[in-house]
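I've put the structures underneath this note.
What follows is chain A paired twice: with chain B in the first complex and chain C in the second.
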Partner chain A sequence: MEAMSYTPSGAELKLEDETFLSDDFLRQLINVGEVDILIGLPTHNNAKTIGSVVTTIRSGILRGFPRERAVIINADGGSRDGTPDLVTGVSIDDARPAANLYALRTLHSISTKYDGSAGSGAALRTILAAAELLRAKACLVMSPEAAHLQPDWISNLVHPIYRDGFDLVAPTYRRHKFDGLLTTNLLYPMLRALYGVRIREAYMPEFGFSGRLGSQFLGQNGWHDGNGQAGVELRMTLAAITGGYRICQSFLGEKEHVERRGSDLIPALRQTVGVLFSALETDFLVWSKVAGSKPVPTTGSEQELQLDPIRVNRKRLREMFSTGVSELQSVFQSILSPSTLTELQRIARLGEEEFHYSAELWVRTVYEFAASYQKSVISRDHIIQALAPLFRGRVFTFLVENRNASAIEVENNVEGLCLEFERLKPYLLQMWKSRE
Partner chain B sequence: MREMIVSELSQAMHEMARGFAHYVPRLIVMLILAFVGWAIAYVVKVILRSILQFIKFDKLSENAGASQLLNKAALPTATEMVSRFVFWVTWLGFILLGVSVLGILGLQEQIASFFLFLPRLFVAMFILFFGLLAASFFSRAALLAAVNANVPSPRVLSLAIRSIIIVFVLSIVFEELGLAEQTMLVAFGIAFGALMLGLAIAFGIGGRDLAQRFLEEKFVRNKKEENEDELSPL
Partner chain C sequence: MPLNTDVLWYKDAIIYQVHVRTFHDSNGDGIGDFPGLEQRLDYLQELGVNAIWLMPFFPSPLRDDGYDIADYHTVNPSYGTLEDFRKLLDSAHERGIRVIIEMVLNHTSDQHPWFQEARSSHDNPRRDWYVWSDTDTRYKGTRIIFVDTEKSNWAWDPVSKSFYWHRFFSHQPDLNWDNPAVGDQMWNVMKFWLDMGVDAFRLDAVPYLVEREGTNCENLPETHNIIKDLRRKLDEQFSGRMLLAEANQWPADLRPYFGDGDEFHMAFHFPLMPRMFMGLKLEDRKPITEILQQTPEIPASCQWSLFLRNHDELTLEMVTDMERDYMYDMYATSKSMRLNLGIRRRLAPLLNNDRRRIELMNGMLMSLPGTPIIYYGDEIGMGDNILLGDRNGVRTPMQWNGGWNAGFSKAEPQRLYAPLIQDPVYGYPAVNVAAQKESEHSLLHWMQRIIAVRRSNGVFGRGSIEFLYPANHRILAYLRRLGKETVLVVNNLSGAAQAVELDLKRYKGNILIEMFGNNIFPRVGDLPYLLTLGPYQFYWFRLRRV
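So, the complex of A and B:
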């Protein structure tokens, strides 16, 4: 409560924000005063990469915005490897020699520990609250694992907000054609078909946003219910779309290949598909009126694909699909229509050569899952988990279809899938209304 | 002598008439209670049915696996079953109240014990319903986790979890009802032990190849797959 009297420049400090930020953190924010640019760094045991990330961010600020008041806010989830010390310990001189740059303003670095489990939305909430208190005009959130981060990423994300008045800058990357298959096969086409906005990376590891979007999202998102914490980056994209904010994309560069295991799929589904499905319920009045889709302004390339061959165990993907279809029959009976289930059972029996999970069948599957999620035919989390084996089947077909495909052919295949999602949107609406 | 017989007869008649006069109003009260009870029970049934339909109790019961059991036994829906049950319990309660008004010796105690038993019956039903719901939820969770982790025979695992929970719930239900507590305790121990032993035998001997494959997949294949790229979903 003491902090209220020290609030800088009359910033509207909400009681709710005040209580979850520590006194020490508030005191440091007050010392900083107002800023033009805020860079948020959510971390949790990222000592291996965070030093170079902070140095690159500082270089980016010095190079692109030497006259602006900037601050780096590190929201840490309780690291035990000294990550917060590495963030605050990087001096401005670390960035200067390499780039031959000179700062005209002090670049502050503040680290705070947020309450809540690591990786939850609590980190972003802390960053948003700090941005509101400091009245930041442009804010960025950077991934602490971004090993390929370049100084010009900062300019690419800040300029559209600071100079062109955009509210949300989503990134686009150069990445392997088989990376981000959940994004390519579900998130991008479904979000595009339903909301009518062609955002490639709606679940963004790095992104920029305006102070007004940040403030609005801070007040709007249900931070206290369990759902409001997962996939918060995607929630922010959806809030920007439904709130009518100006959105653009900015090409950043190569996205590093993050090593993942098969078990990562379920959390990824929860954070993306789960969030999207639950948002459909609240945003029904918005997406039900949208027809077709429009591209968003993009700086640089919309998508660049790397084509070098990689080894993938396709056989295992198909096996897990077939096992899933046969073992989860009782679960699928509650979720899918009889015709879709019969078709899935038919293709599950096919050999590797004949197996083909068509775009139309995949779209029907996803839409039926979305409608079942809305009706909570079984536990919603179980519905999301049940999608995993079917997604593996779709991935198998995508890998086979695009095994020798050029970048343009891959793009055409993704575009075909997107159009299928748009074409079958009335099917989802029909199910949605009939189930109401 | 004759006068004595007449006197005794008239006295007996008189007592019978007095007993009848004493009994008829109670009988009327009992009939009124039974009628009022029926009306109240009917209203309760209609209201309860509406509430259950509103909260989609049939869907909940389907999730719990109770609907499937009812279907197999050619019984009505869960909503109808609960509504009817409450109707009969309510009406029976009023009838027994009426019977107690009759003042029949020996019945009073039985009626009192019936009313004392009712809360336990409701608690037992509550435990049974939510126990079935939990069994269904956890068995489905295990099934999904096993399928997504590529564990062999996921349905066996799911069925085992379901059976364990149901056996456990039934033992609690019988204990709550106070029916054959000792027998149920022993039966539970035997059933639970048999289930565990069966699973151990099935997995260790019957499913030796399966166990071998599982262990190979767990420890050997991981090494093999280190040389293969994992696809990043996001």
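So, the complex of A and C:
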């Protein structure tokens, strides 16, 4: 096994990089051979959900692509609950015909333990390497927790690649209006404003990609550094955008709401905002020339919102915002402009009824964080962490503003925020250049 | 070379299917004949076949290529005389070649005197030799076989103003086997040919002999009783002769035709053939192993008969709808290649004239359990002509050389019973016996070689089979065993080179001897036995403990 170390730059997968695949896994890949469709499943102790997920995936393959050569590849982070066995158990071959299922051809479902700590980067790297070795034409990565997964999700993600020649298929879902707040308030509008591409779910729980995009991305640098491990799905989206690959969105259906703990926010910010801020540096020549934004082709419905009530502790959000602004003042002085910091301090003192974190102030805040990240005014990870209380303040306002809003009104508000990000993009450019 | 006396001769046979009309014309009338076929027996002997199966050669209006028989007791004068047939029979036997002929028990031509008498009057003694009805609503649960041409299994007879039953074309009325006189008469017919020295019958369309209301009129117990009766008479009077069933059925439905070894000696394994083509195209052994897993054991004296192509369409009756669609899309891209529920093409065009795939398919044909049948011309890779109607495109004259009429006939070309294949790829100037005899590496020589290797070891004809299931699904591997003899067969169904690890632990210490070159391969040890195979390559290994 190769030690986890930084690899010198190089555009193509190097031989030594391939050795991170175990001999046993290579043996399994030899048995699988060339495939048309590869479904990647990164897992780590997902025994509770993985059984139904792989069964649904198998149904999706048999129903949508009975003639194609397909494989399910599980990259497991060292599960101790039997997850890999549940995945490999759905194989269909002549020695183990599946009961009540008819399959024209063999369907392999194989598993490997990826090297290193549990994390989506190492898992995706394993899946990408397998896809390249098997010369897969269309690849999917599916979440092992997708409780609402339906067999037609497979077709919805594969067809745009296999039939229509797209390279990246991002999902859209039917979500609750307050689900995915980091996406609606930051990731989607900022990525859209900077890169000019309206991809709703750039940090994709499930997605599809072509073999050529997978190979290109596998050959990129940084698999061994911290950035390579975190937010790799977003990095792939950005690679597709900057590489000029054909991108589309596919509506999959309902996405279940997952309750997150407050402590989950920092890792989520690292994997999304951290990756995005980091990419701005290398992608400057791309995003600095982009004005406005364009929609990407979308199959099925656009993003849909559900209006069922879900419980959110707004009061706690505002308190954490006010506490953060107070306690992190010295940090914010390094990151934010005096006018922005003054305004944040002003609203931090407001009562719950008067509190309002405007879209403009939020966009200026985010852009100033991005510029400071580029300048590394303090530790970059501290910058990301410092954004957390401010994000909570912004979410408070978003929740209040949309408390009684219809789905259309929520969408209009998100659209308004996006336009604000686009309108203020010159402000970011100005800071970026001045700081150079 | 005299005929061997083993009553199980059919287990070791290599059968060559040929139509007298197609093989060689000795008198220049444009139609192949018995003397012509007799002249070509040396070729068949050199090829290594030890049985020929002759398609119907009886007098017939030829509206179904001879399967519409108008007289069972003589031969079609176009092919010669009864004496010519006797001479052919003797000449074949002198060369150690047995002769299998067609026997159509289910129906006759509507031109047969029996039917002419039957329709002539409701009171005619032969009226009850056929199945009549005042309505066309009986036996509703019966499928129509020739769906492209027939709308019903009943046809109106304007002469006797009744409907008559026919499972095939409407000009082929079904005989009424419920009438004992029919059974007696058909045994007399069989006995006539057996007395002459015929070695076996291929009994056509056997599942359909009897009709019963409320059934699908196929595979009925009464049909089996008829077969048992014929078999009993055969064994009593003509030991060592053989009955081969044509019953296009699923394996479980075919199994009863072997009975307890007291019905057919052999039966075609129809469902296997399309799955061999499917497995090749899918590059996946699953269709092949699955159907063979579903194939029941048969009595020790019985044998499956295997084939790649024959005179009919590549039948897709015994596949699922999904499989049929796949086969059509892969092997019959043009609608004109399709007929009924099948594909009317020869082996070489089906496989895009890819020599490697042709060899692999023949390799499987020769090594899977059963007696292989080679369709005439496939041993040289003949093509077809889909512009000819019905199944005539795969029944064109044999291509003997690149000269006049491909050496088939001295007649004017326009007098030939069917046009020669003339396209640049498969035409007789390019594909013919004489040219291939000159070329050491021709398909013909290769076929001679594989037949010789097959015949060198009884395990292929009589041995058991055990599938290995290597994780690489592109590899079809099996062990054939007979007594102390074990042969390992490994087929690469893929167009790319493959590596495969075989679990041969039981044979630790054995060395592998490749049967075509007699080269020694490494000894089997504790580890899985690693083999690499080129695209569509296959190996036959004898296992030997040294």
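Here is the rule we go by: the second predicted complex is superposed on the first by the 408 of 436 C-alpha atoms of A that agree within 3 Å, B and C clash if a C-alpha of one lies under 4 Å from a C-alpha of the other, contacts with A are read in each partner's own complex, and residues count from 1 in each chain.
Throughout what follows, a contact is a pair of C-beta atoms (placed from the backbone, for glycine too) under 8 Å apart; a residue touches a chain by one contact, two chains touch by 3 or more.
Small disclaimer: the values here were computed from a predicted structure and weren't measured.
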Q | Broader residue contact with chain A after superposition on the shared chain, chain B or chain C | A | B
(Q) Looking at A:282, would you say it contacts chain B, chain C, both, or neither? Reply first, second, both or neither. (A) neither
Q. So, does A:180 touch the first partner chain B, the second partner chain C, both, or neither?
A. first
Q. With the two structures laid over each other on chain A, which partner does A:203 touch: chain B (first), chain C (second), both, or neither?
A. first
Q: Check whether A:339 is in contact with chain B, with chain C, with both or with neither, and answer first, second, both or neither.
A: neither
Q: Kindly classify A:264 by the partners it touches after superposition: chain B alone (first), chain C alone (second), both, or neither?
A: first
(Q) Quick one: is A:378 in contact with chain B, with chain C, with both, or with neither? Answer first, second, both or neither. (A) first
(Q) Per the contact definition in the header, classify A:406: touching chain B only (first), chain C only (second), both, or neither. (A) neither
Q.
Quick check on my understanding: which residues of chain A belong to both its chain B contact set and its chain C contact set?
A. none
Q) Taking the complex as given, what residues does chain B use to touch chain A? A) 59, 63, 137, 140-141, 143-145, 147-150, 154-155, 225, 227-234
**Q.** chain C contact footprint on chain A (complex, rising order)
**A.** 27-28, 30-31, 33-34, 66-67, 69, 93-95, 97, 102-106, 108
Q: Spell out the residues on chain A that touch chain B in their complex, using ranges where they run on.
A: 178-183, 203, 257-266, 268-269, 272, 310-313, 316, 319-320, 323-324, 327-328, 331, 377-379, 382, 385-386, 388-389, 395
Q. For chain C, which residues count as touching chain A in their complex?
A. 278, 282-287, 289-290, 293, 320, 322-323, 326, 467, 469-474, 494, 496, 498-499, 501
